[in-house]
Amino acid sequence: MIRVTVWNEFFHEKTEPAAREVYPNGIHACIKEFLSVEEDITVRTATQDEEECGLTREVLDNTDVLIWWGHVKQYDLPLEIAERVKQAVLAGMGIIFLHSSHLSRPFCMLMGTACNLKWREDGDKERLWIVDPSHPIVQGVGDYVLIPNEETYCEPFGIPEPDKLIMIGAYEGGEVFRSGCCWRRGYGKVFYFQPGHETYPVYRIPEIQTIIKNAVRWCEPTVRANIDVFSSPNIKKLTD
Amino acid sequence: MIRVTVWNEFFHEKTEPAAREVYPNGIHACIKEFLSVEEDITVRTATQDEEECGLTREVLDNTDVLIWWGHVKQYDLPLEIAERVKQAVLAGMGIIFLHSSHLSRPFCMLMGTACNLKWREDGDKERLWIVDPSHPIVQGVGDYVLIPNEETYCEPFGIPEPDKLIMIGAYEGGEVFRSGCCWRRGYGKVFYFQPGHETYPVYRIPEIQTIIKNAVRWCEPTVRANIDVFSSPNIKKLTD
Amino acid sequence: MIRVTVWNEFFHEKTEPAAREVYPNGIHACIKEFLSVEEDITVRTATQDEEECGLTREVLDNTDVLIWWGHVKQYDLPLEIAERVKQAVLAGMGIIFLHSSHLSRPFCMLMGTACNLKWREDGDKERLWIVDPSHPIVQGVGDYVLIPNEETYCEPFGIPEPDKLIMIGAYEGGEVFRSGCCWRRGYGKVFYFQPGHETYPVYRIPEIQTIIKNAVRWCEPTVRANIDVFSSPNIKKLTD
Amino acid sequence: MIRVTVWNEFFHEKTEPAAREVYPNGIHACIKEFLSVEEDITVRTATQDEEECGLTREVLDNTDVLIWWGHVKQYDLPLEIAERVKQAVLAGMGIIFLHSSHLSRPFCMLMGTACNLKWREDGDKERLWIVDPSHPIVQGVGDYVLIPNEETYCEPFGIPEPDKLIMIGAYEGGEVFRSGCCWRRGYGKVFYFQPGHETYPVYRIPEIQTIIKNAVRWCEPTVRANIDVFSSPNIKKLTD
């Protein structure tokens, strides 16, 4: 059983009518709902306004894969909590960063770069092209996923070279973006997935749900590291 | 002085009016012309109908960077000559594969994969987006290069993960393609660059010329290997 | 059920007493034996002296993971059979190249490089260090695997940069070698694993067996490609 | 002219006789000395006990390549200065991290991982093997560099997969370590180089000096980014 925690800053959906209309109970509730159908996945949610932003050590210790959606409140996330999330990833927890979370503290800390991009908000149609059709994350989708309306993201995307690029988004207005990127950091797997502006029902598209489900399974830890993953021990001379 | 050889199968320009009109003396002559202006570059050309396809060992030994354009005659290139080109790259010669050369024998042999793609020929407008603006190959061009008309190439492109992806092409009709890709193979650098259909004057666009000039300088060998790059020598026990 | 074919050139074990003593029925028989214990794996063997070198299209179509051991007879493998193996990998079949198979035709064709190295045969002790302890292939082994006697391989190893380096071998005499390397080629996974000289009982070491079992599971195809993985189809303009 | 700043925490050389004996004026003075001979390099030094740790914005703005040596005082480096160094790298400044600087704040921030390792201090002989003899950083050195005495570092080294691994260290006692690793972060190049314990005269070895000189030239920025490398600008719809 893969234990997933869906984390959301949960701000737009409480303050902006356009977002509330699409996700009345929050983006996290929508993601939880479609993940809960899966027999091998168990889901809980956490939001930024909870105590310790819903990310106590106990929560992280019991999370195999963390899904993250953040935007305007990203800089309000205390550094120590961001650091705690990063450490959990290095110890093996998988993590999926969605959409505007490219500027979340944990993502930037794990990447070591600015993670910036260019954007415009015109509700463009996006085609999410599959670059590597053999990758587990894109099984069950066709040559591309059609998103009727999406915020436009544009290169250059300030990330380290992905270990594996699996999707490129192409927008109606002509822009492109590396929309599906994989990295390893310590014992943990990191997946960045671009779709999901708060005012369009992107997470209700079946293929998007399929990709997120696949990503959860791909992100599942092979092994959780013990504390030693962070220490630099003094060793003895080999004798064998 | 960087010694460049521009190789062209030189078939379309002799047989198809549309290609002859754009490149009356062949694509190789056009590329030679704009490279010859550069003070640090010396250029010669070679074509498939020459003896040994213009690629004698003497030519390769005196080539620092080989530029390759091939298409319908790719399977007529003798395997031993393709192998000779591959060996020259492994020994340090830089190589730039243009457009339809994705299916050339030397490219497929260096990649180890099918190198296939999807395509259509509708003269789409292409925007060639810069993914890594700090890379030497894209210095002197803006956020993207606009190509008024180009053959459309589409993912998935059957290549190994590039060591560095530096450009993504976006076509008017909605397709995307990894249009600028870098690899190391042995001592040599490999650059694949998608633009350049034979019936559109793509190689007359100043930014395209800038990119090819930059690529020549990027591909210049750091060092040429001696024969040992191919042998597996029996060594003696270390004594120091 | 993962369908494994263990392929062996099966020459040393029939002609050299030292090899016959260690592997009286051939290296392939030894590998088959320890894999057969696993409930999720079914194993058959093939050798170079069989018809079509034991690698008919039917065999490859029914193989999920091919394990390869070759050495002095590598250049006797017909090119068309090497090509057939390469195509099967590109279509999704996993492949594990052992020891001297670094110079096998299928490995060199998949890598696109010389795949050469330096070597000496003094029965050195080797320590096989784990560089990425979170990788599925090294689960169940400690910080390193001790191999009492092994042929020494030494860098530089003429391969493309691995997608993931997971083991480095260190020899008693002071040499080092990238002993466990992963790549993707097309739909298929490739694993190179250095241990296994024919005159030392390396494949009888429990941790070596564990690594090969893990590698089989890691190499299992996510999806097998249909014929389209090799074609470059002409597509129509998108209409959605 | 490449403007290099050699930064040193400069603690051991003032407090430990063994270090003072080897580097009476500090490690930074030794490195400055051998770099100053080069006609294309101009060098200054900075140390942790200077104001703002010697790393004012003005210093960083006028540094093309920063060389870093830190150890026991790494956690005394103010976070804002570490962040300033990181930002300078993302904007194009090259950086070389030496030896124990694997745990420096700027390195860990750029990598996004724990950057930990195992170690012992027995003055082992180290052989620094060249994995990629065609890389600019290792030109002018042989198959390996012999270091008579060095602190032993051992895998696993908690780093993201290097963009390019160019050296592997092998120690007398049997350990191995990825001793020369390259990454891109933003517009800047990062090189980690393991040799250089404070009590052994490693930086007086000619080949080690050659490698550091080469690394300075490899790290030189192709282009310095303006402020936009950190912003995520709202763009207008394309009209061309």
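Letters A, B, C and D name the chains as they come in the text, with residue numbers starting at 1 for each one.
Definition applied: a residue touches a chain if its C-beta (ideal position, glycine included) is under 8 Å from a C-beta of that chain, and two chains touch if they have at least 3 such contacts.
These numbers were taken from a predicted model, which means no experiment stands behind them.
Engineer: Can you list every chain that touches chain A and also touches chain D?
Structural biologist: B, C
Engineer: Which of the two pairs, B-C or A-B, is linked by more C-beta contacts?
Structural biologist: Counting C-beta pairs in contact, B-C comes out ahead.
Engineer: Averaging only over C-alpha atoms, locate the centres of chain A and chain B and give their separation in whole Å.
Structural biologist: Taking the mean C-alpha position of each chain, the two centres sit 37 Å apart.
Engineer: Just curious, how far off is chain C from chain B if you go by their C-alpha centres, in Å?
Structural biologist: 32
Engineer: Hey, what residues on chain A touch two or more of the other chains?
Structural biologist: 127, 132-133, 154, 161, 163-164, 174-175, 184, 186, 238
Engineer: What does chain C use to touch chain D in their complex?
Structural biologist: Going by the criterion above, the answer is residues 127, 129-133, 154-157, 161, 163-165, 168, 170, 172, 174-176, 178.
Engineer: Mind listing the chain D positions that touch chain B in their complex?
Structural biologist: The touching residues are 92, 127, 132-136, 139, 146, 163-164, 184, 186-188, 221-223, 225, 238, 240.
Engineer: In their shared complex, at which residues does chain D touch chain A?
Structural biologist: 86, 90, 103, 109-114, 116-122, 154, 158, 160-161, 163, 173-175, 183-186, 229-238
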